[in-house]
Amino acid sequence: MNPAVSFRGVSRHFGEVRAVDGVDLDIAEGEFFAMLGPSGSGKTTCLRLIAGFETPTAGDIRLFGESVAGLPPYRRAVNTVFQDYALFPHLSVVDNVAYGLMIAGVPKAERRRRAEEALAMMALPGYGSRRPSELSGGQRQRVALARALVNRPRVLLLDEPLGALDLKLREQMQDELKALQRKVGITFVFVTHDQGEALSMADRVAVFNEGRIQQVGTPAEVYGRPRTRFVADFVGSSNVLPPALTALFGGPPKWASLRPEALRLRPPEGAPIIGTVQGARYLGASTRLVVDLGTGPAPEDRADIAVLLPGGEPVPQPGARVGLTWEPAALHVMGAA
Amino acid sequence: QMTEIGEGEGALSIVAWAGYVERGETDPAFDWVTEFEEKTGCMVTVKTANTSDEMVALMNEGGFDLVTASGDASLRLIAGERVQPINTDLIPSWDQIDPRLQDAPWYTVDGVHYGVPYMWGPNVLMYNTEVFQEPPTSWNVVFEEQQLPDGQSNAGRVQAYDGPIHIADAAQYLMHHQPELGITSPYELNEEQYNAALELLRGQRQLVGRYWHDAFIQIDDFKNEGVVASGSWPFQVNLLKAGGAPVASTIPEEGATGWADTTMLHVDSEHPNCAYMWFEHQLSSNLQSDLAVWFGANPSVPAACTDGRGMLTPEICTQNGFDDFDKIRFWQTPVADCSQGEDACVPYYRWVSDYIGVIGGR
Amino acid sequence: MTALAETPPRPAREGPGGRLSDALWRRPRVLLALLLGPPLLWLGVVYLGSLFALLAQSFFSIDEFSGRIDRTLTLRTYGELLRPANLDIIWRTVAMAAAVTVASVAIAFPIAYYAARYARGRWKAVFYLGIMLPLWSSYLVKVYAWKLILAKEGIVGWGFESVGLGWLLNAFLAVPGIGGNSLSVSPTGTFLVFVYVWLPFMILPIQAALERVPPSLVEAAGDLGATPAQTFRTVLWPLALPGVVAGSIFTFSLTLGDYIIPQIIGTSARFIGLAVYQYQGTAGNIPLAAAFAVVPILIMGVYLYVARRMGAFDAL
Amino acid sequence: MRSEAPLWLKVAAGAGLLFLHLPILLIFVYAFSTEDSSFTWPPPGLTLRWFGAAWERPDIWAALGLSLRVAAISTVVALVLGTLCAAAVARTRFFGREVVSLLVVLPIALPGIITGISLRSAFNLADIPFSFWTIVLGHATFCIVVVYNNAVARFRRVSGNLIEASMDLGATYWQTLRFVILPNIATALLAGGMLAFALSFDEVIVTTFTAGQQQTLPIWMLEELVRPRERPVTNVVAMVVVLVTFLPILGAYYLTRGTDTVAGSGK
Amino acid sequence: MNPAVSFRGVSRHFGEVRAVDGVDLDIAEGEFFAMLGPSGSGKTTCLRLIAGFETPTAGDIRLFGESVAGLPPYRRAVNTVFQDYALFPHLSVVDNVAYGLMIAGVPKAERRRRAEEALAMMALPGYGSRRPSELSGGQRQRVALARALVNRPRVLLLDEPLGALDLKLREQMQDELKALQRKVGITFVFVTHDQGEALSMADRVAVFNEGRIQQVGTPAEVYGRPRTRFVADFVGSSNVLPPALTALFGGPPKWASLRPEALRLRPPEGAPIIGTVQGARYLGASTRLVVDLGTGPAPEDRADIAVLLPGGEPVPQPGARVGLTWEPAALHVMGAA
């Protein structure tokens, strides 16, 4: 089977700026695929290349095996949920949803019915006659989804669709989106700069940096076995260990990552590694402790490492000496720099 | 009414027709203001008006001392009590005035004089001499569609005056060409005569690209817009000729309407002494003489033709029609109660709105 | 830095200024009244007062012969206003205003769209100044320029003659209703000049409205299958409409009130502005002028009301 | 966000801009023409003579002087009133706020002739003679809106927080006005003032009704257009007027560049 | 000692809207006090009441024992760090910082010196001549802090000062703020809608809802022993148990809260409570499992409960039957509804 989306050596340069730079990528049909990366790393540009709003300066993009070079957006079986939703402010909610059907020439009654249906699926029945401005952020987001899905695209592109929502709503919408994708079964390509979001929702994640893909893999792969320091640092709040420290933790003298939750406190006596508590941050469910493993008081001797204490464990005071143990398997030595 | 002339107030403002009060700005040779200012210390300011209606409006608004009102404005000003009677005894040169004008009805009411005659003249037919080798003999070149001597139609190449009083020109034309209408005066029209005149004007609307209401714009139009014939004032003819344009004027066989203008004094004038000085100046200085040459019209002081105080000569007087006084039908305000009977004629306010209608194509 | 923790007493701001400031803080409404008072006095009393004075005059009448105003209230002047000749004027002006508005939109839209969507950096400045400079350069100069252009001996005529298309211009001018002896004495000439001088007033609000349309909306339409033409019809146009309406407030209002252009260019047929001007100035018929003036006030009143409902004011 | 415009759009926009500018350039050409009475195109020859002729006409200088004085005073009045109004509207929510902004817009939303004739009949009824101040009265009325538009846009941008921050740091209303508000709205006011100046300097429709017998430069030009004495001198003045009004516009543009104001929109 | 800030029955109504509604509150001197609550709950309004930008419609506000009724903001020994920083754009950084001193009439040289000192303390030496627009978000935030602190206020008010920063910077600034407050020792009143922020920084937290205070207490009290369902729900992602479920978990038939991290999985055989796994959300450091304890398939029988699996534990598939154990002490029965 052809992949839903496939990039071969795709670049998009804006003058000097290499927004997307030689990307190879295959997204399988039915996959929930996340693009993760810091601001300006080229995620949106990738999405716009798929949708057809940008043309690659090099390389080839295929949708379901067919090259889409020269195909304008309105001829691609792809729909987009924009970051700002891009709902038409002059149309009612139901007209927004029915817009694509209207353009496709579906008769009025039929498109109304299908739009209402899509709204019902999004748990928005009865909102059809409102204006987008009369909806809350989460509701708008659902309308934007309905508007895209009602056209039965083969690929749905979502550009940080949850970026504008507040925390509670965002978690709720994450669950809903995930459930929705399972239900409709089409390919979702999801852009975000929030690693939590990418990990919890995606089947596979591509981590972007400076227009290039750093790693593609399942969330567990990307989180647990980052290929580069950048990935380790960006995905989750990991300890990134320089070669000297890696050696201290019993690994080869290479860069490595060690998750704070893999570390445990124990009394300093006889512990393999001893440090001084620098500070604690109460997180409710847990407490994040910063421990200095440095050998002297000079700043260049400091080597801070974060330790996650599960809720309920006693939290040592700053300045206390503590010992550390860790699961050796959690020490992940990185191949690439 | 004034009984004696005191010190001049140092200023005088006049509402006048274009070209009537010259201080040598257009042509340094024609200046009859500077001398007056030097002599009396009354500094003259001039507001140019383009139509009689505008003059009446300006005088109603106030703030002016004098107005050179034509016959179709003067009676209105008197009836509206905008102007004051003149004490002719205070004007030494009063006796010099052409006897034909001395007690003319357009400024004398019940024997009281409301002004001092300024100048009079005909509304001539101006034409382009390259188009008309021979002077046109009839006003029909501006009233009726025809082929002009250069082989092209007159449509779009003639103009007419943008003032309701132009209805009188049409009436005069009809007087000659449709005697059965029984028009006796172009200013006294009964309903039927009036309608006939309007009908003629509606035909004329098809020929006229733009109506002229300003002497200088008409000059422009003759130069730049290809206008070749129009009713006009001798003033424009003279200026165009002086600029080398191929134009001339004539009074066609139907005769002409004309104007006899009177300088009148506002009731609330703030500079009456200067005004009386102007009255005397207007009669006694080079003004009558030079103005007649400048404007192509006739002085109200016959002596100006002969005594050499300005540029005027007896030949020019004859050429300007000084002896045709009786042939010219001077502008007057149409009133309802006319020689045809009380309420028999169409009054002026209907002329105003109907003429706007005609120009608007109605 | 424990020094930061010691707290010297706040310096006392005494004196009349401080006390007045305190008083205003305690009574914000007084502050508001102080701010609003002068402009409201000016606009409310001087301007609105004058408008009402004008309105009042339209209920006076004029003595037809002497031209003096009779200050007894009457509807006679309105009766006069409804004469066919005057209705012609109103109709002619409104038709002209509508035509001018439509043409301005047609010409303004591409300029505004380009400036709003594509012009960047230096080009943005070029467009901005390119619109602002004609907007603010002397109105009379512009009208005058067109007199030069449209005269029979002027540039347009010369241009057509020198490319051998003089017959085309003449054929156009022969069309009744819009033609005339030359462009400068035809309704077309009046129309052209109106469009020219009011065009910037149309461009700016449309540009402002278009700039408020997020580019993502246009992309969303394309994404949902709309061709560029469909996108224009279903998204851009409806969203630019408030700007168009705001612009048309200007083109409409300015055309309704102008008296200089029809006086210099055109067929001598009166427009409302010219009629008001002449009734007021030339004929001294202030009551009728006032009654005439009520017409554009009414038209603009309705227009503004509709415009406000469409949200055009934000685009002004 | 697509950076390239379709060709037809470029052509249409470019042609539109040309249409806006060519007539003005034309006047510039005619100012140098040797032909002094007709509109013949192309001009038979070029000369600088008319600049000298214009320089020596006292009536031009008088009209220019009056125009400058009127524009200056009207600008000052409009600045004060427009700013006060903008401050009130931007700062506070009060009943009838919409009415106030409508009232400010009205003098330009209604045809100028209405403003003119209204003021004139009001002067008439109140027996106020025409003077310098009657012109200023008219001009200030319609200039308020440009100052107001600029100031209101800037006030919106100068977040209310700045004023609160200033008072929070110990400044009274007056100190806040002096140290925070004025410096922040200064460029907008300057821009608004310049536009108001240009607007007043160029105004003719209202002025004809409120000037009486006084001649501002545009009225002088109107007279000359209709009743030309030396046509090329009019061309020269026209050109100078255009150049003179350009300067404030350029100034206003540079002062408000990059902000949300479209300086001068809503002339 | 008088409290630094004290509210007695303070209300601020805007027409129908009860932005602040009968609040009683005491903030001790030197405390780091957080106001936490959802959007629109009246936190900002409370702060503005203290600063003097709003006047209470009822009640009495005292600063250090003295009523501030009728006192304009510029007469209160209180300074504010605004959410958008509200730096004066027309002044350089150093002039911004020195603004309050200038107003107070401090001589030029002196105020310059003190401003530079404050900037140095904020790790911004040498930035004095820049314009605020030339600074990054975090730097602006520090300038705003310096500008407020240089006046030696007795109370510093901070309105979501970190809201505009991105995640990494935010965590860093949280640490810095906390350290700063320790150093200068003055009262900080800190507004946020982010419970993580409030918990990790504050000495005490007030939880707002709809203009009223739901609970005041230390982070651990608020997190671990919420007084109301609202608090339990808002602070951390707790399970809020209806009386029936509370009974199932061995408590009295009242509403209770049970933290997901206090639950453990075990094989279903013989477990006190058995449920069906509904879904899992991979969070990197842990996995959040939703388990249905319901007795039947009908929606009204469902009773979902969240369980936090530490990283590394095997994650059961959706549909699997699992048993649950919990620390009885973690079941917190709420007094109020």
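A, B, C, D and E label the chains in the order they appear, each numbered from 1.
Just so we're on the same page, a contact is a pair of C-beta atoms (placed from the backbone, for glycine too) under 8 Å apart; a residue touches a chain by one contact, two chains touch by 3 or more.
Because the structure is a prediction, the values reported are computed rather than measured.
Looking at the partners of chain A and chain D together, the chains they share are C, E. Chain copies chain A and chain E are related through a rotation whose angle, from the C-alpha fit, is 175° to the nearest 5.
Taking the mean Cα position of each chain as its centre, B sits at the greatest distance from chain A. By number of C-beta pairs in contact, C-E leads over the other of C-E and B-D. With each centre defined as the average position of its C-alpha atoms, the distance from chain B to chain E rounds to 91 Å. Centroid to centroid, with C-alpha atoms defining each point, chain A and chain C lie 51 Å apart. Chain C and chain D have Cα centroids separated by 14 Å.
Counting partner chains per residue, chain B has residues 61, 223-224 touching two or more of them. Annotation for chain C: residues 10-11, 13, 21-22, 25, 151, 153-154, 219, 280-281 touch two or more other chains. In chain E, the residues that reach two or more other chains under the touch definition are 72, 74, 104. In the complex of the two chains, the chain A residues touching chain C come out as 51-53, 72-74, 78-80, 82-84, 86, 88-90, 99-100, 102-104, 147-148, 151. Residues 70, 72, 74-77, 104-105, 121, 149-150, 152-154, 183-186 of chain E touch chain C in their complex. By the touch criterion stated above, chain D contacts chain E in their complex at residues 159, 161-162, 164-172, 175, 179-180, 183-184. On the chain D side of its complex with chain B, the touching residues are 37-39, 124, 129-130, 212-213, 226-229. Every residue of chain A that touches chain E in the complex is listed here, in rising order: 39, 166-167, 171, 174-175, 194-196, 199-200, 219-220, 223, 235-236, 259-262, 279, 281-286, 308, 310-312, 327, 330.
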